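Look at the two complexes coming up: chain A is in both, with chain B in one and chain C in the other.
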Partner chain A sequence: MAKWGMVIDLETCTGCQACTTACAMENNRLPGENWQDVLFYSEGEYPHLNLSWLPRPCMQCENPSCVSVCPTKATYVDEGTGVVLVDWNKCIGCKYCMVACPYGVRFYMDEAPVVQPDVKATYPGDGKRTWNPPFKMPDEYEDASKGIGIQPKGVVSKCTFCYHKISQAPEGVADLDEDNPETKEFTPACVRVCAPKSRFFGDLDNPDSYVNQLIADKGGVRLKEETGNKPKVYYLSGGGSPVVPGNRSRRS
Partner chain B sequence: MTMMTDTAPGAPRGNHFAMHLVVALVLLAIGGGYVLYELFTFGKVQFNTTNAGIFWGFAIVVYDYFLLTSTGLVMVASLYYVFGLEEFRSVARRCLWLAFAAIIGGVAVLFLELGNPFVAIWATPLNLQTASPLFWKVLLVAAYSALLALVLLGKINTREDKGSVLMIPMTALAFIVTLVAGSVYGMMAMRPMWFGGDVPVVFLIESFMGALAFTVFFSHLKNGFNHGNMRPETRLLFEGTLARMFAISIGLHFILHAGRAVTGLWSNAEGMQVWQYLVANPLFHFAMWGCIALPFVLMVLKSTRSNGMIQILAAFLVMVGLLISRYEFIIGGQQVPLFKGTWAPELLHYSPSVGEWALLVLAVGLANSVYAFAAWQLGAEDRA
Partner chain C sequence: MDEINTNVSRRRFLQATGVTGAATAAAVVGIPGTGMEATSAEAQTARAKPNTVITKNICHQCPARCGIDVYTTDGRVHAIYGTADHPISNGKLCPKGPLGTYVLYDPDRWRGPMKRTNPSKGRDEDPGFVPISWDEALDTVAGRLNNLRDAGESHRFALLYGRGWGASCAGLHGAFGQLYGSPNVAIGHSSMCSDGSIISKKMVEGNAAYNSYDYNNTNYILMFGVGFLEAFRPYNNNMQVWGHIRGRKTPKTRVTAVDVHMNTTLAASDRALLIKPGRDGALALAIAHVILAEGLWEKSFVGDFDDGVNRFVPGQDVPVAATAQPVPNSTSVDQEANLPQEPSLDSPEGGTVVPLDALVYDDEPADGPVPNVATGRFNERWVHGLVEWWNIELKDRSPEWAAELTDIPAETIRTVAREFGTTRPAMAIYERGAHAHSNGIYNGMAIHSLNALVGAFYAKGGMMGQMGPSYGPMPADANDYMDDWAQNGNWKDFPRIDKKGHEDGYLMANNMMQDVGPNHLAGDPYKLDTMMFYLTNPIWTAPNGQVWEEALKDVFIIDTSPFPSETGHYADLILPDHTYLERLQDSPTYPFQGFPMTQLRVPAIEPIHDTKYYGDVLIEIGKRINGPMGEYYRELGDTENVLRHLAEGFRADPGDNGVNDFESWKEKGVWYKRRYIYRQIGGTFYKWDGTDYSIEMTPEEVKQIVFPTPSGKFEFRSGLMEQNSDWIAEKTGRDPANLMFPIWEEPVHHGGGDLHLVTPKVALHAEGRGHNIPMVIAHLQPTIGGRGQAFCEIHPDTARARNISDGDRIKITSDVGSVEVTARYFQGVRPDTIVLPMEYGHWAAGRWSKAVPTEHAGEATVNVSDRITGQANYYSSKVNVTKA
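And now, the complex of A and B:
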């Protein structure tokens, strides 16, 4: 059984948001409600300004608070991959998982759109689907029990680490790398399109995986360790510098 | 059919329940009609909750407000039915029916807020997610409501006010439901505004205080807001023990509320910045001084607590103040985005939409309809 994890190198990430776009296309996301987002931070006052950024997918925690609080076990950890998924058939839309997620990476689509114009109105859904985007994954990939496909009404969704891809990967493979023809098709969309190659995806339980090597050699750290959620997304920040850029708390 | 009530002999009985029912049904039609129209026409897009950070909006505020009012009313009723305080006999039955009415109103709002309420009915009990406080809350509220209905079933059109054996587990459930409702927020370590072991205790005190306010208000409503119409023993209760209990609970609420505000202003933990916003808001001070401090003074002073109109005023202020406090607590806990870039707003702004206000009207209308019908037809106000 693999324990898939991701490493994001902040030293090479350019904040281009190709990952955000690829994720939105792959997973039928609404504009502004990105499973994979890039957060921007501006620090200082003009002319001494610094702009920095932080790519933020779901942290796919080992001890996820969203799973603990879900009253129906709709949110669960997939045993085969360690990925946190949502069973849309059991989700009651109580949004407790959204309240409990320290990283803000869960989405409910029945509400006012985050950005205008409201594309849901342009491409209205049919049946249970919230909307009907012109781009969408093939129907055979859709799996409501894993929160894959076009989000239905009344449920919460989240990043699946492109479960429909990684779950098809050959058994025992240490890393899913877009440069490797054998694993290219099984690599998550955000990793595959990353132009500066800042994202790496592999088995955290495999001592030979490149992600483990990166974490060990470059001092990979996780966000909000104090929550005890144990994310499976690691950041490389060149050591010393804080992972989350800037003075997040701007209390005067 | 002549029945005794807590109205003084010879005084007009205030048989106005039919009128009460009509007014309540009008409110229900207005609130419910508007909400259903919005939900069927536009969906929940009309609510002002968003993925930006305010996930639980005014609907949850209303639900928790009615739920805690209900459990508090059972606690007040238990003072007679379980703990044998004879002087609470005159209000015990009324409290039970009001508790039932409140839980119906609250749960109706919750059903309109949830994404898939009917899935919740089977998915919650069958999946046994015992780690989730919400799992326990759903199960306990269901058991509490069922038990309350069962107890009241035995009281329909009877004048007997003997305690039922079911009252003991129901009282226990009322306490546990209240504590678990507090835990739903208190366990959220990632949200410092909510986090803390004191939150369930705060909920317990607020629940009891709110219930006393509702008891006072509806007892006066029953008597046409005429203190003189009350039976002497009921009047004595309202000027004595109940008023003192009311004052003590308001005092405790004030201390806890002020304590949380002061520590919140002092703390620099991420999320606590919201206290600066809350305390700078006139609504906070209206609730703090007008709806907590003022009623406390009115209930402490003998000259004012024995005045019927002052009792009604104090009760009304507490009812309003509790709704404001509940709103500030639930919304305030979400106003500082947990993990956003600096381009996201430092503080999320939220105000209920018309549709969300209509949920409150719906809940008030529905709860009052249940109570007024019970008083009119089911003997909710009759006693031996």
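And now, the complex of A and C:
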């Protein structure tokens, strides 16, 4: 049983959005359905503008508020991986989870499309799926009970940590690293493509994992710790100690 | 008729959709020993494994040539990842790479060959395309070409190409033009790309090429208008480099980036300098000024005053005596420096050399033996003309002087110069932001000269030239198939339609594609009869493309793109290519890290539609040309035969990954040998001896390989410019006394407006097809929230002064045209500049791009070019902006 977690190094992230597009293509997401988004911020005035960005996947919380609020128990934590999934057979599309999620990483795509004309009209679905792109993932990967593949109408979707990949990983592996031929195929798409290698994926329960080393050496922090959600995504921002101290290790 | 949804015969549709077989030479997922077969017990029992096949390919969405693994299951291509054993991609991708399946399955692709039925051409004319057979299509082309040849007018056939990939496509052009007999086969797009970089480098360095770079070992990068983390090739590898030099390398590489607006490159760098457009050369000259005045240049490479006393005093000439001195104790350099000065430019009309008596070369041998005594003279090592450059130009180019021109504070310039001058290894890189201006040649020469001052050439952490692959010979030698017309026909008397290499045009340029349309329209130097296009769409991409819309109405047009385009909208024949995931196509690397590499596209699936690889189209047309030319192409056979012959060269020179023939090339997708064989260490050039850089290169070798200039050195005083100084002076009014040096020249801005219009490519700009990829449209311009369209970045003060609110539609107007886009307030853009990414505004290229409400900046961009480099001055127009 692994507790899979991700580390994102903001010191080297170039804001290229390859994580966004790779995720979308691996998981057949619609334009704008950014399970893995990159948010851009700017403040200050010419000529000294501070332009910055934050890649934002689902935080795969250990104590997820989306699960707590789901009236049909459609959204749940997978026991083997710790991943938060949605069972599309149970989801009623009430969007309560979207309101409850502190990170804005759940999606409901049956409204106005981001890009016109709607790709769903170009590649029409078959009733079971809302669209049917010719580059759809292999049938064997699709699993509505885990929210993998193309969703039916009227449900919420979210990042699965590429469950169809990581769940195939050999037992006991500490890290899923794209540069290791043994683990390349089991590494989540956003991690695998990341050109500056700003992303790392591993078992947070394994003290020998590289993700744990990075979190310790470089002062990994989690977003919105005050919610008590206990995210499994950590951010590094250069240096040996966190710029903004996290409160997970606070002694009180 | 809606050409996007061209009717397809039922037979052809079935042919297209029924094909699902995966190509040969592919690896099946689940290789023993890789761990990939060791899936969990639950998964093994619960779910069947997909029968996935991986084929090797090269991404087509920018010029970088990243090796990709293409995942195909049950005949469906569903994933693309970087190839792990590929020196450029190393298993990674940029944001465009994964989107290749959208390109393959683009619903707007041409289904097969077609001919036009509506003779009228124009933006609003329906071409009335109807499907025809490949035989009819090829026979039609060959019939026209044979007729032209028989009439003695073969020069009136022009072949224009954009992104040539390798020997099996654009590499076939040279022989085609030679055998057919046309100076216009082929005309490349390099002048609309980045010839301003290539030619400015050629003038000082000698090599007419982009450099390869050793970024991973450099400690300082100074960037001028390159978009290193957006569009600078190879983007994917640049980001890999970034992760290393900015995150993991010790010491961390420092980066200063210069541009006209805040982008991810500038934001991620240590220092962002927002420069006034076209003034990059002034900044570079001031940096050079400080480096010399403060004695920071690399003495081992540049040389020094023989008594070690720095005589570069701001505002003062270095005494003339310092310039007239042979190099003591350096006879090898001395001998080589005394060079014949014959024209060596590409152009046959290369111009005459004018030795300037006023300037005495340091490398002219003095009479009699030279005493080795310190006299305060400057002994140049691998550079030529430094003291003259100082006296003529640099001595007054202080940071205070540059601050006035560039808007960058003098203290900042001084700080950058000191950092750059004291950090080794360091390098300065530049592209269109710096050189797509009227003064681009000098901006480029000035920036590249900084690399000489810090000794970056062929140094560890510096920049080099690119080695080519060990290809075998072609199946036949075109020289053996030339008939009398090919050898002696009067086509040789005609200039190129674009006047490249011609005194009345662009004597020193490589190409002038942007002038083909206007020249044809004017009938000057003549009218074309037939034009064929490969991977280029100049009706849309050329500056002021409206002229092309008029020009191409009376010429027979053949387009070979897999996709509809504006040029295709004017076509008489459509001969659609495969998309890249369906092609067998080679591609040697662009300048990268210097070591030789060539790659192969292997089809992931059989072609979805009735398309044909462009290289085979060219060969099939060639076979249909009368006389020995047809024989030559029958000898070539097809592109696979060509590729098999090329791969024979690997037998004697196997790649590092074991690739030694055609089959192993297909399996691995790339042949490469990581060893780069030249290195400059402490001012001496060495060759690799098998274990180390130990074989000292002779000055002749350095001249041949490193600095193929008249002096065999890096030339601040450019001999190549000097050889053409009469022509340059006549055509540009420049002063023959200094036009051969990196000098400051005020940029000229056409268009009649008051705001600079700058139109960069962004990270998601997928070359040729990004505009019609929904996933690109959703993410094109993240820095200012451009999703679904591209916004025009405008400074709030600039906007308010024009009564423009954030989000208003605005009109951008120059002397040549007017376009409408949406404004977005942005504090990161200069108040005297607006920035609109070049991507949208297509009107005949697909359903998604047509729906984007952003018009095309090119229609407000004036078509003016650098007279020396031929570079289209895409960023030099000035426009008026009003509320729409």
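Note that the second predicted complex is superposed on the first by the 235 of 252 C-alpha atoms of A that agree within 3 Å, B and C clash if a C-alpha of one lies under 4 Å from a C-alpha of the other, contacts with A are read in each partner's own complex, and residues count from 1 in each chain.
To be clear about the criterion, a contact is a pair of C-beta atoms (placed from the backbone, for glycine too) under 8 Å apart; a residue touches a chain by one contact, two chains touch by 3 or more.
Just so it is clear, the model here is predicted, and its values are computed rather than measured.
> Looking at the overlay on chain A, is there a clash between chain B and chain C, or do the two fit?
fit
> Which partner does A:Pro102 reach: the first (chain B), the second (chain C), both, or neither?
Touch partner of A:Pro102: chain B, not chain C.
> Looking only at chain A, is it chain B or chain C that touches more of its residues?
Partner with more touched residues of chain A: C.
> Just chain B (first), just chain C (second), both, or neither: which does A:Lys3 touch?
Neither: A:Lys3 stays clear of chain B and chain C.
> Figure out whether A:Lys224 sits in contact with chain B (first) or chain C (second), or with both, or with neither.
In the superposition, A:Lys224 contacts chain B only.
> Using the superposition on chain A described above, determine whether A:Ser68 touches chain B (first), chain C (second), both, or neither.
first
> Mind working out whether A:Pro181 is in touch with chain B, chain C, both or neither, as first, second, both or neither?
After superposition on chain A, A:Pro181 lies in contact with chain C alone.
> Classify the contacts of A:Val114 with the two partner chains as first (chain B alone), second (chain C alone), both, or neither.
Both: A:Val114 reaches chain B and chain C.
> Looking at A:Met25 after the superposition, I want to know if it touches chain B, chain C, both of them or none. Which is it: first, second, both, neither?
Second partner only, chain C.
> Regarding the shared-chain residue A:Tyr141, is it in contact with chain B (first), chain C (second), both, or neither?
In the superposition, A:Tyr141 touches chain C alone.
> When the two complexes are placed on top of each other via chain A, what is the minimal CA separation of chain B and chain C in Å?
5
> Where on chain A do chain B and chain C both make contact?
After superposing on chain A, chain A residues 40, 42, 53, 114 contact both chain B and chain C.
> Could you list, by residue number, the parts of chain A that touch chain B in their complex?
Chain A residues touching chain B: 33, 39-43, 53-54, 56, 65, 68-74, 89-96, 98-104, 107-108, 110-114, 153-156, 223-224, 227, 246, 248-251.
> Which residues of chain C touch chain A once you look at their complex with the stated criterion?
Counting only chain C, the residues touching chain A are 29, 34-36, 38-40, 42-43, 47-50, 52, 73-74, 76-82, 84, 91-99, 101-102, 104-105, 107, 229, 235-237, 239-240, 242-244, 246-248, 262-264, 266-268, 274, 407, 763-764, 774-775, 777-779, 782-785, 787-788, 795, 826-831, 847-848, 851.
> What does chain A use to touch chain C in their complex?
Those in contact with chain C are residues 9, 11-12, 14-18, 20-22, 24-26, 31-32, 38, 40, 42, 44-47, 49-53, 80, 114-117, 119, 122-123, 133-141, 143, 167-171, 178-179, 181-185, 189, 192-198.
> Please output the residues of chain B touching chain A within their complex, sorted ascending.
For this pair, the touching residues of chain B are 43-45, 47-53, 55-56, 114-117, 119-120, 123-124, 127-129, 131-135, 137-138, 184, 188-191, 268, 270, 273, 334, 337-344, 346.
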